[in-house]
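Quick heads-up: structures coming right below.
Next, two complexes with chain A in common: one pairs it with chain B, the other with chain C.
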Partner chain A sequence: MYRQKYLFLIPGLLTLVAIIVFPLLFTIRVSFSSWDVIQPGLDWIGGENYARLWEDERYWEALLRLAGMAGGTVLVQYVLGFGLALLVWREVLLKRFFRVLFLIPMMTTPVVMSVIWRTIFHESLGPVNDLLQRAGLEALPWISSAGLAFTSVMIVEIWQWTPFMFLLLLAGLLSLPEEPYLAARIDGAGPFRTFFRVTFPRMAAISVGAILIRLIEASKIMETVYVLTSGGPGTATETSSYYIYIRGLRDFQLGYAASLSLIYLIIMIVSLTLIGKGLTRIFVKDQA
Partner chain B sequence: MAEIHLEQLAHSYAPDAPERVYALQPLDLTWQDGETYALLGPSGCGKTTMLNIISGLIRPSEGRVLFDGRDVTGEDTRRRNIAQVFQVPVIYRSMTVAQNLAFPLVCRGLPRARIRQRVGEIAELLGLSTFLKRPARELTADQKQLISLGRGLVREDVSAILLDEPLTVIDPQMKFELRKKLKQINEAAGVTMVLVTHDQNEAMTFARTVIVMNHGRIVQSGEPQELFECPATEYVGTFIGSPAMNFLATVPREGRREVPDLGLGLSVPKGEDARSGTWTLGFRPEHVFAEGDGWPLRGRIRRIWFEGVEQVLEVEAGETVFRAKLDHARVRTGESVELRIAPERLALYRDGQRVGAGYD
Partner chain C sequence: MRHYPSRAKALWTAALSACLFGTAAAKDYTEYGIDEDVPGPGSYETIDGKDYSGRKLTIITHAVPVIGEPTALHAEQFEELTGAEVEVVHVPFGDLFQRIMIPFQTGQQAYDVLFYGSLWLGDYHRYLAPVPEKYQNSSAMQGVTPTYRDVATWGEEMIQFPVDGDRHYLKYRSDIFDDPEMQARYLEDTGEELRVPQTWSEYNEVAQYFTGWDWDGDGEVNYGTAEVTKRDDLMFSAFISRAAPFAKHPDVPGGFFFDLETMEPLINTPGWVRGLELFVEAQEAFPPGGTSFGLGDEIFSFGGGQVLMSYSWDDAFIQAMQEDSRIRNEVGAAILPGASEVWNRETGQWDQLSEPNRVAYITWGWTSAVAGNSPNKDMAFDYLAFFSNQANTKHDLQIGRFGVNPYRTEHFDADFWIEEMGWDEDTATTYVETLEAIDSSDNRVFDLRVPGVGQFMTSLAAGVAEALAGQATPQEALDGVAEEWSRIVDRIGEDRVREAYSTVVAIEDAR
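Let's look at the complex of A and B:
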């Protein structure tokens, strides 16, 4: 009679198969085909796509660029988010107002915000260059020079996602017990010692969690690049997901794009796992 | 080391409110150097507030705190040389035991050789020497509590150690050990210790002087024996001792107050009007005996239960119910008994306050 219990699993399992297992298996199959716009369909070409991918410098450059961009933005987000959280953690004037204010960027639509930022960075019509010139400085090629375009994308990402970091870290700070701070005052510790000896060690676990969540999110950077620079100038701001998008949905090389995504997926799983373990080992050693 | 004097001290957490609500009512109190004190009272009675005022974590809304006559009311915690141990053991989790113990000295910029020497001495005293190199987070709760204590002791100039219910989270066996250790340290280091607790046994066994508090007020302060034998108010009588003290309702008769059901009465002290106010007759269950001299207490046993090896009898006589604690009485529920109490053990309380014993 307990046989029936498996029936109740079917809706969940079917959903899982439909949205995860099938697409994944299908992508694996597609990656061994030459499916493209001229010859659609599932033929078998063996590992050709993977061999081509190995030689594709543009793919590996995009991956490296992504690593730099994700690592850089998340690090800055962490420092800024922590700083902001510390500012409105204790009793301060207009605490509630600031707490909400700091969250606003996160609540806006990423694509819309990227459009607005594109306007802000516009080289002849944007307010940034206008302000620079009024201040007697030279206008900067925010979008058209490789280095600055990369920086612009990072600025938008940081602006958009620091609030998320702020939110997680503030929640962490608010959950800290009071006694260690009283003890630190009695022991005669100043603000810096208190931060590095009490706050930071106690925030380590939540910090690692917040950083990992943001790294996973940041590895998907796409809409900012798409709207702000379209990967340009040249390929200066092209990230993995954007490159896969170009290959798959613009050039319609579906077979090749499938192999690109699979390798991307494997690299992400391995590297994020290693980063997670590493961070935990370094910072969260005392949580056991 | 210092004598701590609280002068007209009072504290309200909302000093700007139109109706001032005091967490701590105005009080004067002196703590002698090198003594042990216990602040005893229910949760929310103001004992932790008082402690935090002394350590400087809270600035009192009224009055002054004096250490050896020096006014420290406005002084910052770190300059007061007070050590405080909290209910939850506080350790610096990223540090070793030795680093934890050294921390207050490092913050004060002492030379390294001196720090190492002090840490060694204190670890020896607390029995932590073998753990010095271990990360503090790996120790047990009571060892962590010892580290908290050690961080206070390691400072040579410490005026007093304030213990805010430090034994609450410790296992019963460890509790006993830790309490013994605290006493030893008090004797060895001669440092004033103030223990905040709501556990009367803890207070009575640890402190030379017990201060009973209620509703932000000091109700009575004295040696444990004194609090037990002569509670100044009904509150102290009920709060201290297990079972609580008996307080029986009385009626007036010819300048006396009597408990008609027991035929027990005391004359009120001179100058008091036996007919006004609420009067009760108080005595301890421990002071009742099965036989011997004294006034008789007759009644029927309603209930019997054990507290440790001793028996507690709940006896009813008419409307009146009292309790007696006896070593070993061969009695059963429902039986009639005649117990005895020495007249000098009886006391009259008027409106909750002891007015002395006018037995005749």
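Let's look at the complex of A and C:
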């Protein structure tokens, strides 16, 4: 009877193996093969793909670019998301309406939104340049200059995913106890002191969680780059996911793309673990 | 736009026709939107006589509308006529290659009929079924111009079924070039006659002159040229158009992308570099955002009247000639500009020419084939013959969004475009004369139809994009591409790439 209880684990374990373990093991195996347009299937070439990727400057540049893009967007999303959550946390007019309104960007499909943003940023026909010119300002090369194209991708990401940050932080705010605020009021603390001494420290744990979740998501950015800039101009907005997509599905270098993916996965696991530990040590230590 | 009848309506019409005229009379298929059925193995009458009840045909094609919409339309008609079940799988362009390739490589029988870009032939040819003699000898196939039969052929064997004809050519605003006031103004300001550019240098000069002012009087600023410049969005084809007359010597056979003997990449030789320098220079005449234009942007920029000139596939021209276009019948077509000097790789020198070197770029287009492992080859070839029969093609050519462009001799008849499409005579004439000139040119380049073409072209696009973005000089960018190409050749195997490339060189050097 005692042993039979493990039988109940089998469906879950099988599902886990099917959707996580098998694809991962298969990808590892593919990364040691030369599978491409000429060589179908799983031959064995040892670590050739891994040796090749060390010299692949485009891959490492894309990874650095991704780090900047993900860090920048998540930071802005956190600040904006926290601000919006604070706005609708307390009793305000049309609170429910605003809570739903803020979530709309997150509910739309990234590809569709990227197409719409591409139209908005269109340098000849888009409304942004039109408005700038009506205001007497110069039209800007939103997609065709390296710096602005990078900024445009970040704007779309921030617009789309700030609501996610908002949602998590609002849930955190709503779960805070009332007593510390009563005590702060009795002690005569103003709104800023209350925020920095009461709200922010108590939101630290959930903030770290939200930032990590968003960093994981942001590190996979692909659709926005694909639709908005195709990685250009030049390679100015090429991120790791997009580069791996090009190598894997456009060039059909499946073996090499698998090795790129695995190294990317390892780097992400290590760096996100370190970031998580660092943030926890800095912000959550006192709480613990 | 034509309207397609429902299945019930078509069946009732057919039944009524049979009762009224008896079985001996030829059936009328005009209810399907065609003018007249043309006898042959893919005709309505022949296909109507087939019974494929209980059998299933699976087709993979591009997303709607380009090629995907006619695939679905003719699949539905094929179902009605033969009783077969036809499943059409629509896939976005970025996914199409691998969706076809993976089942091939893993030995799955996923699709019977395939629609894809003809430049992938070098990768797919091992997995395709040859076109049977019956179809090759049909009047429909005999009407396909030799150029597009070449595109469908691998070595001596026809393994693709032609359904479309593509080439790059120059489109321009004829109302501006033919305007005496504009001609006088251009002469006064530049000291040169205003004419449709004969060389890429001239193209850049004219484009530069017509940039930044409202030359068509619509209250909006106009620009000189719109080109496909977005990396990974067919930009490599635009660059090939620009580089070809500098790099493809009419008297030096043996390879355009590679030296066939040594398999050394020629992509960083002076001719290619000169083409890229002019591409970079042309950016000054682009509309805002023009340095990241995809094909769609280019189509709407020229078709919408924003720019004076453009070059690529037919689409921008057809867009400009839509019935609701404000520049309808105010556009013209010409063969791509050339170069007054061409790099001779045998002598290692530039050869000066009395007449510009004009190169016809037979760029990739839509094609179709039957999978070699299909158990339904008979039905699959019947479907393709039906799809591309003369009546259906004539119908499809008239619907711009279908992406079907002229590829039979009969399509190069100005009267067809005048009578069926309502084009004026000058426009129709420049159009068909241009297509005919490209088709009959003896100085042609084709795409690099070798295994791994995707790797070669994404590498080329990345290098060109770096040069356009100012991240590298044209020479540095193309040196980087050449190094990458050498590595790709090493990975794939020099002999394998040479063998495939020799089939391309053979048709380039055949005339």
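FYI, the second predicted complex is superposed on the first by the 279 of 288 C-alpha atoms of A that agree within 3 Å, B and C clash if a C-alpha of one lies under 4 Å from a C-alpha of the other, contacts with A are read in each partner's own complex, and residues count from 1 in each chain.
Keep this in mind: contacts are C-beta pairs under 8 Å (C-beta built on N, C-alpha and C of every residue); 3 or more make two chains touch, one makes a residue touch a chain.
Given the structure is predicted, the values throughout are model-derived calculations rather than measurements.
Engineer: What does the overlay on chain A give for chain B and chain C, a clash or a fit?
Structural biologist: Here the two partners, once superposed via chain A, fit next to each other without clashing.
Engineer: In the superposed model, which partner reaches more residues of chain A, chain B or chain C?
Structural biologist: Comparing chain B with chain C, the partner touching more chain A residues is C.
Engineer: For A:134, using the defined touch cut-off, is the partner it touches chain B, chain C, both, or neither? Pick first, second, both or neither.
Structural biologist: Touch status of A:134: no partner.
Engineer: Touch test for A:193: chain B only (first), chain C only (second), both, or neither?
Structural biologist: It touches chain B, and chain C stays clear.
Engineer: At the Cα centre of chain A, what angle separates the centres of chain B and chain C, to the nearest 10 degrees?
Structural biologist: Computed from the C-alpha centres, it is 150 degrees.
Engineer: If you stack the two complexes on chain A, which partner ends up touching A:144: first (chain B), second (chain C), both, or neither?
Structural biologist: In the superposed model, A:144 contacts chain C only, not chain B.
Engineer: Can A:5 be said to touch chain B (first), chain C (second), both, or neither?
Structural biologist: In the superposition, A:5 touches no partner, neither chain B nor chain C.
Engineer: Who does A:253 touch here: chain B (first), chain C (second), both, or neither?
Structural biologist: Second partner only, chain C.
Engineer: In the superposed arrangement, which partner chain does A:230 touch: chain B (first), chain C (second), both, or neither?
Structural biologist: second
Engineer: Examine A:96 and indicate which partner it touches, taking first as chain B and second as chain C; both and neither are also allowed.
Structural biologist: neither
Engineer: Once both complexes sit on top of each other, what is the least C-alpha distance from chain B to chain C, rounded to whole angstrom?
Structural biologist: 49
Engineer: Looking at the complex, which residues from chain A come into contact with chain B?
Structural biologist: 177, 179-180, 182-183, 185-190, 193, 197-198, 201-202, 286, 288
Engineer: In their complex, what parts of chain C are in touch with chain A?
Structural biologist: Result: residues 94-95, 97-98, 101, 104-106, 123, 230-233, 287-292, 294, 301, 306, 451-452, 454-455, 458, 462, 465-466, 468-471, 491-493, 496 of chain C touch chain A.
Engineer: Spell out the residues on chain A that touch chain C in their complex, using ranges where they run on.
Structural biologist: The contact residues of chain A facing chain C are 34, 36-38, 40-41, 58, 122-124, 129, 139, 141-144, 146, 149, 226, 229-236, 246, 249-253.
Engineer: Name, in rising order, each residue of chain B that touches chain A in their complex.
Structural biologist: Residues 52, 55, 57, 77-78, 82-84, 86-88, 90, 92-95, 103-104, 107-108, 135, 137, 148, 151-152.
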